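Letters A, B, C and D mark the chains in the order given here, with residues in each chain numbered from 1 onward.
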Amino acid sequence: MIKVGIVGGTGYTGVELLRLLAGHPNTELVAITSRSEKGKPVSALFPNLRGIVDLAFTEPTVANLKQCDVVFFATPHGVAQSLVPEILAAGIRVIDLSADFRIRDIDIWEQWYAQDHAAPNLVAEAVYGLPEFNRDAVANAKLVACPGCYPTSVQLGLKPLLEAGAIDVSDIIANSASGVSGAGKQANVATLLSEAGDNFKAYGASGHRHQPEIEQGLADMAGEPVGLTFVPHLLPIIRGIHTTLYVDLKQDMDVQALFEQHYANEPFVDVLEPNSYPETRTVRGSNCCRIALHRPGNGNKLVILVVEDNLTKGASGQAIQCMNIMFSLDETAGLSMPALMP
Amino acid sequence: MIKVGIVGGTGYTGVELLRLLAGHPNTELVAITSRSEKGKPVSALFPNLRGIVDLAFTEPTVANLKQCDVVFFATPHGVAQSLVPEILAAGIRVIDLSADFRIRDIDIWEQWYAQDHAAPNLVAEAVYGLPEFNRDAVANAKLVACPGCYPTSVQLGLKPLLEAGAIDVSDIIANSASGVSGAGKQANVATLLSEAGDNFKAYGASGHRHQPEIEQGLADMAGEPVGLTFVPHLLPIIRGIHTTLYVDLKQDMDVQALFEQHYANEPFVDVLEPNSYPETRTVRGSNCCRIALHRPGNGNKLVILVVEDNLTKGASGQAIQCMNIMFSLDETAGLSMPALMP
Amino acid sequence: MIKVGIVGGTGYTGVELLRLLAGHPNTELVAITSRSEKGKPVSALFPNLRGIVDLAFTEPTVANLKQCDVVFFATPHGVAQSLVPEILAAGIRVIDLSADFRIRDIDIWEQWYAQDHAAPNLVAEAVYGLPEFNRDAVANAKLVACPGCYPTSVQLGLKPLLEAGAIDVSDIIANSASGVSGAGKQANVATLLSEAGDNFKAYGASGHRHQPEIEQGLADMAGEPVGLTFVPHLLPIIRGIHTTLYVDLKQDMDVQALFEQHYANEPFVDVLEPNSYPETRTVRGSNCCRIALHRPGNGNKLVILVVEDNLTKGASGQAIQCMNIMFSLDETAGLSMPALMP
Amino acid sequence: MIKVGIVGGTGYTGVELLRLLAGHPNTELVAITSRSEKGKPVSALFPNLRGIVDLAFTEPTVANLKQCDVVFFATPHGVAQSLVPEILAAGIRVIDLSADFRIRDIDIWEQWYAQDHAAPNLVAEAVYGLPEFNRDAVANAKLVACPGCYPTSVQLGLKPLLEAGAIDVSDIIANSASGVSGAGKQANVATLLSEAGDNFKAYGASGHRHQPEIEQGLADMAGEPVGLTFVPHLLPIIRGIHTTLYVDLKQDMDVQALFEQHYANEPFVDVLEPNSYPETRTVRGSNCCRIALHRPGNGNKLVILVVEDNLTKGASGQAIQCMNIMFSLDETAGLSMPALMP
């Protein structure tokens, strides 16, 4: 059994890790830390885990994590970079769900997150944890930086095209919409049910922290810089991301075949049949990402529709998928449950 | 034109007052105060009022309110009691939407609200602003204490029976459910969309602040103390209260006729036809309270179903209804819009 | 008083007409027809109108409508074209909320609606009821074809740019999302709460009936054909449309000033301040359309955000706005209520 | 491996059976029937099962089911009673999720369901599938009648009290609220998102089909007839039932201890700590039923709060729990996943 620790397990990616690990056949949860909830049983905070998780939160120290084989960081940005060096030094592998190690250019990171980076030397060592792009590197990584929720959907929706050189990379439009759990469990007027419920709006159109991450990832796939317009929107649902991508094909081609072949062996990417519309509910609580393709009027404009659960494939599920790869487990271990529908 | 001021207009009862006053033919809004938002245009906080309300928030001082004929307090409990004496002394009438002046027994108030009352002498002077029960007193009041949202629904649902002596008052059950706007606009984890959305739960079953207010009101109607079990629940909707009342009839009677006659002349109480089910959406944004009656198996157990919009008839609409009465306006002025449905 | 009739008042645009007309100072509702609900009181179908609308549904015949000055058609497509000729012949003006008279090219209409058009000669005579584009023609119209809900949002979001020749019209992207009331009140598995609730998906990406209407309207504004990619999505809310438009500016310009000046005198178009995000809830139940502009990185890609209530500015409110113009009333009569928020 | 068949797998209890069986270690799904969807892949109807369930729907004939060890009926009432005799005769065990075999008194069944019962002789043979009450009988049953969703919550909330003779059984109030999936997947105006969304209402207060089933179950537990007032309500959520029970204790007692001891060994009944409020989201997709107890003012009125997922413990999960018992499997096999929260 892989011994697992979680740092910062009081937020939504934390409880999602706990839910998924509870059904994982090859792991044992040995420690979960939270400075603010130290001493409190996990199930007191998350009643869905009553009778399932018996641990209490402990102080986030290396001592409390030293028996772990792997530690997940489900912390706000800025936290992992302070603690990770010590954890790695203890020979423990780390999977970070925060933004701390996602962006290779330290200047860009510091500009978007408005703070100095505490462990810039580790950024180069970190492996970007998108298994569909980086599986081999993940397998050998000591430190995995899990992709953000929006970036996962955009990158999976464009990867076959970028690697095939099939589209004009100078003008990519990503129109995304996320459930409100993406904003985390912080008390915040803007995400109250009375404010965000029965409502829809864009935000971050003039600049969102996921933009540089997405641009980096797309450029890696394209082999050249890309021009991206990214507009996120806030959905009045709890879980789910839907991304609608608009790109121009360089020439006529069978994009359906391209996607189907590209993802034929991927356990968590499902290319729908032609003329389909993926729905966020079909991936609710599942690690699956579903993609459909449309070419209105058979023109050169390609519309790509992508759905994922922002907390699962967009965060904790993908983190566990990375763990499975790192420890040579079945990549789908603990991740094969169907979505909850209806 | 009646000159109106609002103290504490940044919450949900505040914006509801603004919405309703915007359509009122006999009022002019002359001042709206907020310590925290001083100087900010009202429409910057409430974009639905862009082009409709041009005022900015000012400091809550008597000087800023002195040209008013009436001042509404849409503040958290504890605020009105400090400022109201000075306002009344300036000859301005006051309608308080908070709990400060609802409960006549100061000890009980201090116990439930865990603070000393700053103006106990005004409590006796205050008129409980339930027009259907207290219309004449409201007309002459200097200080009106508007009923709470739950208490309005429970009292209107029981008034005909209590005044007719028709039920066993020792065992009244009020099972209520409220939309989340009743919890106000405070940042709070429990009312995030991610927490309160797609969910239903009871709360306050062992004691809720509205319990003593309801008991006082029911006793006033019955002429004797009542035994009340009150259990509120939290609905994943923004607006609306639904109360299901269970009482025992003392003897067989035509309760439908009793209610229809009792409320025949009330502009904001609508007794539905037999075998009806009032829906919260039928009063969304309206000042109407709808009631239906059921006697399962024609036994002595009577089930009374009551709906209202907690922000309208349960708060700001009822406050304006009181103002209309106080200033001898048409009682329905500014309050005759239909509910928004669907 | 303008005498008003409604044909087909059992759907959502019908009840929205009734809600708005109830508060209109210059109209009298004299007839409302429905073949299926003949004889039933309107308030039995729409309990929010109890005590407000006293009419019952009657048979949709010219005899029942002959005392009207104007008749609104709130019917499914295909119905108005059969009945309108007779109504017009009786000297009654008609405002059609359906798609019957929106598209000038009969072949295109017949292709998208899969039926023969019963009154092709009236199509040329019909005036497209977008007041911001067509105010003078609406004033004199006998027959107004009200725009569709999506087309209203797209056209209002692009009109200043198209008329100024400011953008590349060959590649316009309109990413829209609508509340489910846009699908009407028909029993339908896909729009059950259990199916459409807590979900988000695109639909019609390969072709939607509003596409030719939008293309016609944009071409009218641009003076040349346009290239449009239109992808609608289904939101888990009842009311509201949000459209995100992506266009390329031909050259650097002050688009904020362009929009503000263009719409300075429009009572129902509100251009938000720079760096704003319009929310659907800020127009819930209101006839207002709110627009905000974003230029990520100050590049030539312009993102235009537009919200409206699909049942109000997107249907029944706009229809009443047209009526006000046709009968030389104040254009805002009956339409000045603020949105219901929260 | 237990060979499983499902008759009528196109509704919500059907897809929930499929979701749960997909994770069951001891079963193999060998047939799923639907007259209307014959030949269609299951995953075309339920996209959450793409890559998980490979079967297609077949005709509901005994021939198609003959290799099964057990057949679940997830059909509307009236269907199972026609087909079950033949299935049983083939030596196959049957678990019926419909109402066909729940009520022992045929006259009462025929009165509430307005049809003749086609297999009255099997009713006596059927075992009521509430494992907490009937575990031994279920183990040996050939035909299990699974309880309804509301009845499960009411019975589990009262069982300890009834068996202890602790309450006045003549006046039990059950105030229940259900998510809309309880109404099934039929096209129906009343359960459209536009109608049932953002709304709350009671229904069936004058008589609901679950009333006789609940009364029968409570009487079995009490050993005498009970007096029950049952009022169901419709919640604007997809999954979840919350029942608030009001009963009178005969004398002071430690009800918390009673419940904790009573359910100490039950894997799917969780008695919360004192002063807790169970939330429907804590059982979303889980087979767990959570219960909390409140005695306002420490009086004799006891308030019992019960939550369950209507599709899981209220239907398909409980059916699989029965199957586990019938085939001597671990009772929790396939049912140990935590609820999906948030």
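Here is the rule we use: a residue touches a chain if its C-beta (ideal position, glycine included) is under 8 Å from a C-beta of that chain, and two chains touch if they have at least 3 such contacts.
This structure is a prediction, so every number in the text was calculated from the model and none was measured.
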{"item": "Repeat of interface B-C, chosen from A-D, A-B or A-C - more than half of residue-number contact pairs shared", "value": "A-D"}
{"item": "C-D or B-D - the one linked by more C-beta pairs in contact", "value": "B-D"}
{"item": "Centre distance in Å when subunit B and subunit D are each reduced to the mean of their C-alpha atoms", "value": "39"}
{"item": "Distance from subunit D to subunit C - Cα centre to Cα centre, in angstrom", "value": "45"}
{"item": "Shared interface positions of subunit C, touching two or more other chains", "value": "12, 181, 185, 194-195, 198, 236-238, 278-279, 281, 284, 342"}
{"item": "Chain contact topology (line, ring, star, complete or other)", "value": "complete"}
{"item": "Residues of subunit B defined as touching subunit D within the complex", "value": "171, 173, 175, 177, 194-195, 198-203, 205-207, 229-231, 233, 235-238, 240, 242, 244, 246, 275, 277-281, 284, 294-297, 301, 303, 305, 307, 342"}
{"item": "Interfacial residue positions of subunit C with respect to subunit B in the complex", "value": "12, 15, 18-19, 22-23, 46-52, 181, 185, 198, 238-239, 270, 272, 278-279, 281-286, 288, 290, 311, 336-342"}
{"item": "Residues of subunit A that touch subunit B when the two form their complex", "value": "12, 180-181, 183, 185-189, 191-198, 236-238"}
